[in-house]
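Look at the two complexes coming up: chain A is in both, with chain B in one and chain C in the other.
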Partner chain A sequence: MSTVGWITARGLFGRRRFLILLPLPLLLVGLAVLCRSLNVAPSDWGPAVLVGLGLAVVLPVVALVVGTGVLGAEIEDGTVVHILTKPLPRWQIVLPKLAVATAVSAATVAVPLFVAGLLADSVRLGLALAAASALGALAYSALFLALSLLTRRPVLLGLVYVLIWEGLLGRFADGTRVLSIQQWVIALADRMAPTDLLGTTVSVPVAAILTGLVAVGFTVLAIDRLRSFSVAGETS
Partner chain B sequence: MTTISAQPAAPTTPASTLDLTGVSRWYGNVVAVNDVSMRLGPGVTGLLGPNGAGKTTLLHMMAGFLSPSRGTVRLDGEPTWRNPQVYRRLGLVSEREAVHTFLSAYEFVLASAKLHRLPDPAAAARRAIDLVEMGDAQDRRIGTYSKGMRQRTRVAAALVHDPQVLLLDEPFNGMDPRQRLHMMTLLHRLGDAGRTILFSSHILEEVEQVSGTVQVMVAGRLAASGDFRTIRRLMTNRPHVFAIHSTDDRALAVALMAEPSVTGVELGRTGLSVKAGDYGAFTRALPKLALRHGIRVRQLLPEDESLESVFSYLVEA
Partner chain C sequence: MSELTGVIHDIGYQRYTGPRLGRRHVFGALYLHGVRTAFGLGRSAKAKIFPWLVVAIVLVVAAGLTAVRAQFGEVVMTYAQFADAMSWLVIFFVAVAAPELVSRDLRSGVLPLYFSRPLPRGDYALAKLGALATALWLLLGAPQLVMFLGAAFTTGDGMSGVWHELLDLLPGLLYAALWAVVFASIGLLIASLTGKRAFAAGGIVAIFLMTTPVVGVLSIMPSPTINELAFLASPSTLVGAVGTWALGDLLVPEGQGGGMPIGDFGPVYAAAVVLLVAGCVTLLLLRYRKVAAR
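Our next item is the complex of A and B:
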């Protein structure tokens, strides 16, 4: 692991807010186990738990906490200056941070989604959910990492995107779904393991292309913004 | 007496020069730094000025963390803004006490050495830690350190690649007298070894003890620049204003008018306001004068002793 990645990972696990990631995946697995043990039909609980909780809440919230934590928290407390005062091309700072954010988010979300998918349907659905959520973690992480450099309130803006755009508008306005990472993840998972439990109006090619575009685009944006990173004057 | 346990490495590359030409920086309508030009070469230079004078803004521009709104900042001819390669020759210790508290000092400095891609990061980290005398506590988490220890750890991280230029923003803040002395000695040695050292401070005595050359900033402008002793003399010889309250203010005012060190007296409702050209001569003469005229001085307050007033005088001088 690169030194930037090592410091990022140590910082991430050393911060208390990382602990708030644990209850959500546990809740997801707990609900799936409960429904399965009570013999509730998967068609009754699957969409609510897999999509309503897993893909609409757990994945974006975990990615938000981690994605803004890998750089935004360092900008907030000023420790980012230590890394920036090194003769490193800025992509060598952004890419390891993105890799850590994606890996941590994917690991935190993919495992419970795999378990929930397995309990709801099959190993195939579990694997599909895990793989699609890992791709979603990449897109979300790139977005939230770039937000850390675009605004002083990345968590707030990230929440607005997740809750208002994806959660609220995505439910009532079909057009917004095209620009919803959550819908892309559903489309990709449904393609890998077709099932009635997942449903979206976004086509697979659109989902795949936009996932790639968001991941690459926001990463390039973050690198460019980091090149021009300014520290606010403290005495003026 | 403090001793330095390790020496900075002998310079292996030619000395570096930091050039600022007509540098200004504004935030909306607020001008933080106004048309500053200076050239910093080897040795220790103090950047002196009251809080809010624009020192930090200027340091951030020198360190490549802020783009000048106008003018240029160049290190050996290269711009510092959007140019990470300058950090091969430049080290920065910012004012903000920001450290990775979850790491030990050794881990922190070692990480810096690795990020600089030094050939032997472990040896470089040990040398830098010895330089700031943090060897005994190097394996403890930084979160358990005092403010002074954290500061020294940050200095070690900034020195790990043996930079030609070191910028320090208020480096003595939070240090006890012994740590302060140690840091001053270290800066002296680095300056003597041919490094270009610039540190900011709002405390006159700190600058006096460390540097011979000083840049004085007031309200975003470079108010004075050059040898500290000359500037200090200017500061000492400025008119001083005292508020005096006595048993007979009117009689004291008359007596003071004849005193050579006094340049003006104003009699007000609450007492006298006396302007003295020579601080020492006036404070020596006042008790004798009062005694001679049988007047009892009840209150003597210097009115303009704030650093801001000293700096303001410099701007007007």
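Our next item is the complex of A and C:
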């Protein structure tokens, strides 16, 4: 692991505020255990916990906080110039940061989702959910990392995407689901472990291709943006 | 050593001898500034993007509903249902406005300046809370007013039609006020814990969103009592349940299957809302009893 990666990981874990990420996965596991122990049918609680909480809330919110934090925090307090002035190619800055962001969000989300999937159906569903959410974490992290370079308010813009595009429009206008990372994750997980618990209108090949495109495209965009990056003060 | 020849020139500095405005004016100024901050008024264009995006969406939805009602005579949403349907936008607005109101002051370290004035600690927090609640109420109330005006001008029953419509609007506005108070107190408390606006926004959204699926799970538990108490778990359903209990048919007309199945637990929900708001305000006041200089 490169030095940039170490610095990023220490910057994430070294602060107390990282602790606010913990309640989300704990709640996910807690609800799954509660439902299982009370013998509620998985077809009743599965969609609410796995999709409603896990894939629609925990995954995007964790990826948003981590993904905008790995580079955004340094840009905000101005210490990014210390990295930018080192004789490093830009991709050697972006890629380690993306790797750390993906690994942290994937670990935070995939483990509880695996447990929840295991309790809901089978080991296979658990593994499928874990793998699909790790892919989703990659796509979300690339998107939010690029956002933190494109705008001064990456968290709010990311919330617009998560709340208004995926949340509000995804419910009322089906067409927007094709361009929703959340739906791709559902499609991929459903393909790896077909059950009645997950369902989406997006086809699997489309989901797989678009996930790859978003991950690669936004990474390239981030590297390109970092090439001519101007450090400015805080927005008013 | 030469003779000292320095003089002190009187360049006209004067003591302030005019009237000194009291605590009420300080509170009022802070409150008004807070309401303007929530909408980005008096700030750069960048600060206006997100608040006005939300305002634009709710107004467009309200205009669309009004147009449908005027053209086809079909009431898609009542005033109260409008507030419920916009809940995600309200959450987003809180995530935008609450960090602007309190996190910026924490981050830039200006709180010692505020508190070196004759401004009690509580007043600062309460003025900010009032400002956020007012902003939220305006956000929900303005579209309802648009819907009311549309309905009033297209009503076929003359003045009595307008009067009926007004009787529908008033409970809707009251309900919007309940939304505003609950969401403002929770959101401001979370935002006051961190000086980073980005983190405050993420925290607010996480708290509001993670509670909604809990309601979904609790309402399918094998126990009717738990099912009827499930709506306690999330602020937005809590507000809806209190509205169902307190305003009932005034919010959702009979035959629309509206309201929440809360059984006989209405007073429990009302007490829960009061406790929640009181608890959040108390914690907020405690939070500002001592602030770090930087």
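As a working rule, the second predicted complex is superposed on the first by the 232 of 236 C-alpha atoms of A that agree within 3 Å, B and C clash if a C-alpha of one lies under 4 Å from a C-alpha of the other, contacts with A are read in each partner's own complex, and residues count from 1 in each chain.
Keep this in mind: a contact is a pair of C-beta atoms (placed from the backbone, for glycine too) under 8 Å apart; a residue touches a chain by one contact, two chains touch by 3 or more.
The structure presented is a predicted model; accordingly, all values stated were derived computationally and were not measured.
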Chain B versus chain C as contact partner of A:Lys86, first or second or both or neither: first
Contacts of A:Gly78 with chain B and chain C, given as first, second, both or neither: first
Partner chain in contact with A:Ser230 - chain B first, chain C second, else both or neither: first
Of chain C and chain B, partner touching more chain A residues: C
First (chain B), second (chain C), both or neither touched by A:Pro154: second
Residues of chain A contacting chain B in one complex and chain C in the other: 235-236
Contact set on chain C toward chain A in their complex: 43-44, 46-47, 50, 53, 57, 88-89, 91-92, 95-96, 194, 196-199, 201-203, 205-206, 209-210, 212-214, 216-217, 220-222
Chain A - residues contacting chain B, complex: 3-4, 6-7, 10-11, 14, 77-79, 81-90, 227-231, 233-236
Of all residues in chain B, those that touch chain A in their complex: 25, 27, 30, 32-33, 51-57, 60, 63, 65-67, 82, 84-88, 90-92, 94-103, 108, 111-112, 114-117, 157-158, 220
In the complex, chain A residues that touch chain C: 17, 20, 23-24, 27, 31, 34-35, 38-40, 44-45, 48-49, 52-53, 57-58, 61, 64-65, 68-69, 72, 76, 152-156, 159-160, 162-164, 167-168, 235-236
